[in-house]
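For reference, the structures are reproduced in the following blocks.
Each of the two complexes below includes chain A, the first together with chain B, the second together with chain C.
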Partner chain A sequence: MRKEILITGLGGQGIVLAGQVLGMAACLADHLETSFTQSYGPEARGGACSAQLIISDKPIHYPYVREADILVCMSQGGYEKYRPMLKDEGTLIIDQDMVRSGEAVPGDVFSVPATRMAEELGRKMMANIVMLGFVTSVTSAVSLEGMLSSVADSVPKGTEKTNIAAFNKGYDLGQAMLKARMKKAAARH
Partner chain B sequence: MEPAVLTGEHFLNGDVACAEGALAAGCRFFAGYPITPATEIAEHMSKRLPQVGGVFIQMEDEISAMAAILGASCAGAKSMTATSGPGFSLMMENIGLGITMETPCVLVNVQRAGPSTGLPTLGAQGDMMQARWGSHGHYEIIALAPASPQEIFYQTITAFNLSETYRLPVLIMADEIVGHLSERVIIPDSSKIKLRSRPRPKGRKDRFLPYRPGANGVAPMAHAGEGYMVHFTGLTHDEKGYPVMTAEAQAEMVDRITGKIRKNLDRIIQVERYRLEDAEVALISYGISTRSSLAAVDEAREQGIKAGLLRLLTVWPFPEDMVRELAKRVKGLITVELNLGQIHLEVQRCAEGRAPVVLVGHAGGSVITPEEIVEKIKEQVG
Partner chain C sequence: MNDELKIVLFLCNWSPHAAYQTLQDTLAPLPVEIRMIRIPCSGRITKSLLFKAFETGADGVVLLGCEAGACRYGIGTRVAQRNIGDTRGILDLLGLGEERLGFASFNPDQHLELLAYLTAFRNKIEELGKTPVVPASRAKEVALSAGSAASISAAHNVYVCQDCGKCSSACPVALSGKEFSPRAIANAVATGDLDSPVIREDIWSCLTCGLCYDRCPSAVSFPEFIKDMRCATPANGKFNAHEGFFHSLMRAMTSPGLPVEHWKWLPSDIQTDTNSKILFFGGCAPYFDTFFKNHLGISTSDILVDALRLMNFFDIRPAILQNERCCGHDLLWSGDRENFIKLARLNVELISAMGTQELVTACPECYRAFSRDYPENGIKTGFKVTHIFELAEAEIGKGAVGFTKLNRKITYQDPCRLSRTQAGCELPRGLLKRLKVADFTEMRDRGASSLCCGNCAWTGCDSYSKAMQVNRLRQARETGANLLVTACPKCQIHLRCAMEDPFLENEIRMEMIDLTSILAKTIQWEG
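Right, the complex of A and B next:
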C-alpha cells in the first residue's frame, strides 16, 4: 500500500496543519510509514503553499510526491501548478468556490464547498478541517477514528468541538456524494 | 517538572526532534537567535527547557548566541545553539574560540540556500566546506548530517556525546528539508540512552593544569567557579592555559587539538553501507540527499544495474580510508549533494584517480530527484 497525497492552497488556509493532521493519523493511529513535507514562501499569509504526504506500509526513501494519488486544491494557483502531477486514475478534490477547474466532470473530481461550509459554521478558518473530513470520507488513505483523534489533538485547545463538527460536515458530505455516485452508476447498468 | 525524555512514539518534524534529542542528551542551556528554517528548534527549546529546569535565552544575534553557549559550557552545562546560513557565518569566530578553549557544545545548522540571505524557506547543503574551514586557522571539527527526524534525534545525542568526549563544538549539518519533514520518531526509555560526560579533574585544586591531556589526548575540564585554577583564552596557550607566543607552543597546542580527533577517527566516524557489496557504481551522499540516493539505488537495481550507496552519517572528519577503499573496487563514484561540489572535492581527493568521480548536485532550493541520479548512474556504467 502506498498513497501519495498533495494538498495545495494559500498561506493562511491551514494547508500545513491539514498535512500535519493527516500525517499524525496515518503514522500514530494507522501505524503506517508516513512522510510529511511542506513548502511555503517567506510571507506569512497569501503565498502559494503545499503539503505533501507519502503514506506507505514500506520504508519511505524519497519523501516527496512524484505521482499523486490524491490532489486537494484550495486555490487556483495550487490547482494549476500541481494538476499535472495527479495520476490518471487519481482523485481530484477542489474547493469549488476557490478553484475554477474546467475538468471534464464527473471523472473522479469532487467539488466541495469547503470554505463556504466553514463560513456557515461561523469560522472560515476551518475550511481545511471540513476538507479533511471530506478526504477521509471519499478516499481510503486514513482511518476515520485516527483522523478524529488527530484533529482533536492538533487544533487549539477549546476549539476541539467546533473543529470536530466541521470535520463531520465534510465527512457526511463525502458519504452523500459517494452514495449519489453509486446510485447513478447502478441506474446506468 | 516535566520529563526531559519524552519516551514514546511521536510524529515530529526534524527541528523538534533535534530539540528533543538535545534534552534527552542532557542539554540544559540554549542560546540562540531565531532564523528560518531553524526557528522551530529555538521555539521548542524555549517551551521545553523551563519545564526541565534548564535555561533558554534569546540573544541579540548569533555572535552572542555562540559566545553564550561557550560560557554556559565553561560553567558546566551541556549547551546548544541552532541557526541557518547567515547566522552560521556570524558564529564562525566563536567556533574557533570553542576549538581553542576546548569547550564542549553543539551547534545545529539547518541549512538553507545561500549565499547571503538566499532562499530562507528552501533547503541546500551549501555550508559543508564552511563547516570544515569557516573559522580561521588550522583545526579539526566534527560534523554530522541527519537524513530524517528520527536520525536527527539520535545524532543530536551523538553530537553531545562526541563534544563531551573530545571537548570541542560539534556541528549538526541538517537542512531545511529534514528540519521541516515530519515522520515517526521513537524516543526510547532514558535508561536506553547512553550519555557521555566531559572528563573531570581529580586531585589538588591548586596543582591543576587545565590543558594537560589524558591518555586519549583530551584534558580533564574544570568548571569556572569550582575552585580550580582555570584560565580560558583564545590565545595559543600552554598546559596552564597561559598565553605563550612561540612557534613551539603553537605546534604543541595545534598538534594536540587536531591530534585528539585524527587519532580517534575509528571511534568518531560513522557511515552506513547500502547494497554496496557487489556494487559497480557507488553513490556517496549525506543528509537529505541520501533519501534520493537510496531511492535511486533501488531503481537502478530494478533496471539490473549494480548500484550502492555509502551514506555518510559523519561528514567531518571525512571518512578518507573508506572512500579510498571504495574507489579501488568500483567502476565509478557519484557524489550526491545539494551544492555545486563540496564534499565532491573530498571524494575526488580520496579516489586518487582510481575511479572516475562525477557529481549530481545543484545550487539548492529543491531536493535532488532520484531520476537525476539514476540518469547519472546509467552514464557511469554505459
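Right, the complex of A and C next:
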C-alpha cells in the first residue's frame, strides 16, 4: 500500500495542520511509514500553500509527492497550481465553494461544502477538519480510530469536542456520498 | 355456563322477524346460544353497535334484514351492507375473522331457510371457538368528588389562575363561537361548584390542544388538568364521537389473546427485518381507512407505507410488530385510564419481547403516548422513541441527499401532538424548507399558535368543531397553496370531513398529503 496525498489551499486555512494530523494518524496509530513535507515561504502569508504526504507500508526513499493519488484542494489557486500532479485515476476532492472546476475529471471527483459546513458549525476555521473527516471516509489512506485520536491530540485544548463533531460531519457526508454513488450506479443497471 | 357460546342476533322487525316468529310458534329447534334483539331496521345497526357486541364478549353477531328491494325504509339494507363490509374489515385486521359477523336477508315465508342459516352459523361459530376478546371493564359514570377535584387542581396549578382570561381569548373552541371557557372551568373547580354543567359537560369539549397553556401567565397546565378530570369523572361514553366505535376498538385490543393482523396489507416491496433493533410502530391508520372507507375515502395507511419506504431509502430495515395494537392515547385522553394502562403494559410487553431498542413512529399521538404518557403513568418503556421526522432530519443532515422538484404550492398544518412535544414546530419546518416545491406559505395561525384540526381523542365533536375546521381550511386556501401538508392522520380525517360540506365544497376543498409521504416520494441521492 502506498498513497501520495497532496493537500492545497490558502495560508491560514490550516492546510499544514491537516497534513500533520493525517500523517500522525498514519504513523502513530496505523504504524505505517509516513513522510510529511510542507511548502514554506511567501505562500504562508496568503498564497497557495500545500502539504505533501506519503503513506506507505514500505520505507520511503524520496519524501516529495511526484504523482498524487489523492489531491485535496481548498482554494482556486491551489487547484490550478497542483491539478496536473494528480494521477489519472486519482481522487480529486475540492471545496465546492472555494474552487470552480467544471472540468470532467477522470477517476473520482468529490465536491464538498467543507467551508460552509464549518460555518454552520460555528467556526469557519474548522473547514480543514471537516475535510479530513471526508478524506478519511472516502479514501482508505488512514483508519477512522487513528484519525479521531490524532484530531483530538492536535487541535488546541478545549476545542476537541467541536473539532471531533466537525470531523464526524465530514465523515458522515463522505459515507452518504459513497452510498449515494452506489445507489445511483445500482439504479442505472 | 361461562363456556357457552354467545351469539347476538340483530333481527329486523319486518320480513325476517315474521319468519323468526313462525319458527318460535312452531317450536322449531332454534340454537339456544342465539340471543335475539329486535330492531326497527337492519340499517339502524351502526358499525359501532355491531362492534360493541364483539367488544363486550360476543362470539358471533348476525344481522338479518329484508331483501334489498323490500326494505320498508328504502335504503336500510344498502346501509346495512356497507356497515357490515366496514366492520368485517375491522374484524379482519383484529384477527377475529370476518366470518364471525353474519349478514343475510329473508322474506317472511322463508322460515325454514332462516332456521338452516342460523343453525349453520351457530355451527360455524362453534368451529371457530370462543372469542379471544376478554371484555374490558367500562368505567361507570361517577360524580366528581370534592377531594379528587381538589387534588387534580392542585397538581396542575389551577389554584394559581389569575382569572385574566388569556386562555379563553386564545381557545380555538371559544373562538369557534361555542359557549366554552377554560377560565370558567378553572373558576368552577376553584369555587367547588362541581355539579355545574361547566364541569360536567365542558370538560368534554376541550381539544386539549394546549394553546391556553402556552398563553397562561401562571402556567396552569390546562390540558393535563382536563385529562385527569375526565379520568376522575367518566361520562360513560356520552360525548364520544362515532358512537364510541374507536373507544370500543381500543378496549377490545386490551385482550392479550387477540391475534391482531395489523400489517397483512403491506405492499411486498417494503423491506422489514424481524431481528432489527429498530421497530416501526405504525398506529391505527389501517383501522381509520377501513372505518371511513365509505365516507371520506381517505388513505392514511399511505403514511405508514411511505414512512417505511423512507427508512428503506436510508437502508434501514425496521422490524414491525405483526400483532401491533393501538398505543392507547385516545383512551387516556377520553378518561379511561384503567384500560389505557392495560393496553400500554401489553404494548410494552410485546415490544420488549422483540428486543427493540428504538421505536420509530410517524404518528404524533403514538409519539406523544410512548415518550410522555407512558412514563407519566408509571409504565417504563426501556426503548428510545423517535419520530420519523427526527430520523429523516438526522439522515438527510449527513448530506448527499436531495429532493426532486414538486410543482405544488404548499402550506402546513401543525398537529397539536407534534408541535407540543420535543419535536416542536421547527423540526417539520426544517424538512419543509429542504423540499423543492414551487412555494411554501405559512397560514395566518401557525406554529405553536396553530388552529387545531377540530377534534381530539374522538370526543366532543359537534357543529363548532366543524366551524373550526372550515375556518382552518379557509386559512389554508388564503395562502394560495394547492396542497395542504399535514403530519397526523387525524388532521387529514377531520379536515376531510369538513370538506364534505356540499355548500362550501368549492371554497374549502383542498388536496392533502402527509409530510412523510412527500419526503418519501421526492427524496433522491445526490453527489
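Following the convention adopted for this analysis, the second predicted complex is superposed on the first by the 181 of 189 C-alpha atoms of A that agree within 3 Å, B and C clash if a C-alpha of one lies under 4 Å from a C-alpha of the other, contacts with A are read in each partner's own complex, and residues count from 1 in each chain.
Just so we're on the same page, a residue touches a chain if its C-beta (ideal position, glycine included) is under 8 Å from a C-beta of that chain, and two chains touch if they have at least 3 such contacts.
Only a predicted model underlies this, so the values are computations on that prediction, with no experimental measurement involved.
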{"item": "Superposed partners chain B and chain C on chain A - clash or fit", "value": "fit"}
{"item": "Which of chain B and chain C A:Q13 touches, first, second, both or neither", "value": "neither"}
{"item": "Superposition-derived comparison: chain B or chain C, residues of chain A touched", "value": "B"}
{"item": "First, second, both or neither for A:A176, with chain B first and chain C second", "value": "second"}
{"item": "Which of chain B and chain C A:N128 touches, first, second, both or neither", "value": "neither"}
{"item": "Which of chain B and chain C A:T136 touches, first, second, both or neither", "value": "neither"}
{"item": "Angle at chain A between chain B and chain C, C-alpha centres, nearest 10 degrees", "value": "150"}
{"item": "Touched partner set for A:T115, first chain B, second chain C, both or neither", "value": "neither"}
{"item": "Touching partner for A:Y62 - first (chain B), second (chain C), both, neither", "value": "first"}
{"item": "Closest Cα approach, chain C to chain B, once both complexes are overlaid on chain A (Å)", "value": "32"}
{"item": "Common interface residues of chain A - those touching chain B in one complex and chain C in the other", "value": "none"}
{"item": "List of chain A residues in touch with chain B within their complex", "value": "20, 23-24, 27-28, 33-42, 60-64, 66"}
{"item": "Chain B - residues contacting chain A, complex", "value": "9-11, 36, 120-122, 177, 180-184, 291-292, 294-295, 298, 367, 369-370"}
{"item": "Chain C partner contacts - residues on chain A that touch it in the complex", "value": "110-111, 172-173, 175-177, 179-181, 183-184"}
{"item": "Chain A contact footprint on chain C (complex, rising order)", "value": "315, 397-401, 525-527"}
